[in-house]
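Common to both upcoming complexes is subunit A, partnered first by subunit B, then by subunit C.
Now for the complex of A and B:
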């Protein structure tokens, strides 16, 4: 049984039993780029559809580690996470299932941005639903 | 005794000057890096995808990385991470990183994207402004914590209580 301990940038830590640990750098790309599949196979859409959504749709907890990436272009990162909300997983559900972590101080901005993209996509989704 | 006090104050003033120089220099790096990133975006985004070269893209990514590293180092200098000034700077930092590689970045069918250039220039200006506030706070907190400032504060407290 997998057992992940997620260390957040705030210094808190907590356990996520049965979580699947995904290292973007080791399991996807050290230099992810692009938004859509047509932009490349290391795009945000590819990460979301091939790696992230299959796990989330099964109700699995996921810990995404950013350690080792050279950078996460906003086009990639927004499509991976904001796109998950647009694909039907509500931000509240993502907060239950998802942890984004890094031990590298210069990558912490991407942790904060990841949650910002999720929240922004949720606001848009709700606005669209109400119209 | 007077000589000893003078020596101690001179020594402290020297330390304050060194600290001020260190902080000033520490904040110069990020300012230059922000400018380089804005300049790199001015080269990249005004072109459509077919005219964007790998070199332009690499320059922008390298600039983004430099900004990330230098801003992280400057934020790590802060003793008070819960101040409004610190949070403003952190938010401005996130905003700048978010917009730098947003819009039509790495999009295969991208057209000329002047809107993203404008957003990047705006976010860069806001980040520079936030850094000025942060530098000021860093300098004043460094001075406020030394023994001379504490002695001055104690003295003014004594004066106030005698004045009442």
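Now for the complex of A and C:
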């Protein structure tokens, strides 16, 4: 089940044996909340800066599991993923390194949304660069 | 360098003291002027609403200001807001009030005149009582035996008797209220965590004994609304008579015969129409704005931008995420009352709008959802 969802989430047809698995609910917060650090320690910026970016900057593959979260407010999720693009990691690179997965049907929409936020941030970054 | 003699030291201390006093005097004058400006702005808003109604005949020596019989922003906006503003000002100023006959009397709010109180207005009133009681931590007198049963039960269930330090036993309260609507206790805070959103959802589910939505939808809607409270009190915002508190207040209800749950969230901030243009994504709202820039149009633009930005039906960003709970449940409504405008969202992205002459005192967000049988 996980592999099939991972396939859906990253577009890859292979597993990531050396990947670092991050469970948002267990390792960060069951109740992600807010965009910036000023919104609290469960914010998207806190997740990105403390957990996600250090691994991605080392070139490590990361599997983010959404299972167990109460929900993912868009401000949190956009800042965590779109913010990674704004922090300098291109969407193509994220597609190589990142898998977002869940076994819960209620949360599957957040997998698609996550990639959408990444793509939107990439488009905006390229638009800004061309200007 | 001059030698620090005892006399020179005394002179230096005196000069330091004088310059401090001068700075304090300047600041005080400026504070008084700012205070007067904020009061004038408050009174200008009040002047756009129906005149205050009194009763100074019933109890000699006392005068009442009278609430509308139907306390509801949805059905009776002007009179309800007028009463809330009067409550805020008259209890804050707390002096003998000069009535039209020229006599000064102690003033009280005649809650016995309220026949119906809806959830949103109940929450705003509860927030006013909360701020008043916390600023005057003494025992308050309440003649609740004269009130309509529904109003008394609302006060009891929302925990307002506790706030007022009134023991319901001493006022003859019926411990087995027969109301068909159950209300959760008033909650308030300055959220920096999602546990408040989870707590609100859990409390309403405990009250109704049912799941109120697919797990993430209610949480994300409430969490996004609570996160927005952070934007509601920008550093430039000042309020009168209370200082900007940075707080939110929340209530919820379960209406068994209608199989409906409701959640209301209120802040006393600057309002969405005032804060939206100062947010980062403001330029991206331009395509959704109307030329006249009415307050309800600004709220509507925030909702529409959020809905289109994800490109996924039933999934929005920011304001729109609050509507996703309604969209996915396929019933009920989300009502956002803020600044001079109000927008009501119903499933299928149906929007109703209203604009008012007098701005609302903050932002009130209400969800009502009919649950599956």
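Methods note: the second predicted complex is superposed on the first by the 117 of 131 C-alpha atoms of A that agree within 3 Å, B and C clash if a C-alpha of one lies under 4 Å from a C-alpha of the other, contacts with A are read in each partner's own complex, and residues count from 1 in each chain.
One rule holds in what follows: a residue touches a chain if its C-beta (ideal position, glycine included) is under 8 Å from a C-beta of that chain, and two chains touch if they have at least 3 such contacts.
Note that the structure is a prediction, hence the values are computed from the model and not measured.
A.B. asks: Superposed on subunit A, are subunit B and subunit C clashing or fitting side by side?
C.D. replies: clash
A.B. asks: Go through the superposed model and pick first if A:83 touches only subunit B, second if only subunit C, both, or neither.
C.D. replies: In the superposed model, A:83 contacts neither subunit B nor subunit C.
A.B. asks: Go through the superposed model and pick first if A:75 touches only subunit B, second if only subunit C, both, or neither.
C.D. replies: both
A.B. asks: In the superposed model, does subunit B or subunit C contact more residues of subunit A?
C.D. replies: Touched residues of subunit A are more numerous for C.
A.B. asks: Under the stated touch criterion, which partner chain does A:108 make contact with: subunit B (first), subunit C (second), both, or neither?
C.D. replies: first
A.B. asks: Once both complexes are aligned on A, which of 3-11, 39-47, 129-137 or 327-335 in subunit C overlaps with subunit B?
C.D. replies: That would be 327-335, the only stretch with clashing C-alpha atoms.
A.B. asks: In the superposed arrangement, what residues of subunit A touch both subunit B and subunit C?
C.D. replies: Subunit A residues touching both partners: 33-35, 38-40, 70-71, 73-76, 78, 106-107, 109-110, 112-113, 116.
A.B. asks: Which residues, counting only subunit A, touch subunit C once they are in their complex?
C.D. replies: 29-35, 38-42, 69-76, 78, 106-107, 109-110, 112-113, 116, 120
A.B. asks: Spell out the residues on subunit B that touch subunit A in their complex, using ranges where they run on.
C.D. replies: By the definition above, subunit B touches subunit A via 61, 64-65, 68-69, 72, 76, 90, 93-94, 97-103, 105-109.
A.B. asks: Can you check the complex and tell me which residues of subunit C touch subunit A?
C.D. replies: Touch list, subunit C to subunit A: 191-195, 197-198, 201, 214-220, 223-224, 226-227, 230, 306, 309-312, 314-318, 321.
A.B. asks: In the complex, go through subunit A and note every residue touching subunit B.
C.D. replies: Of all residues in subunit A, those touching subunit B are 33-36, 38-40, 70-71, 73-76, 78, 105-110, 112-113, 116.
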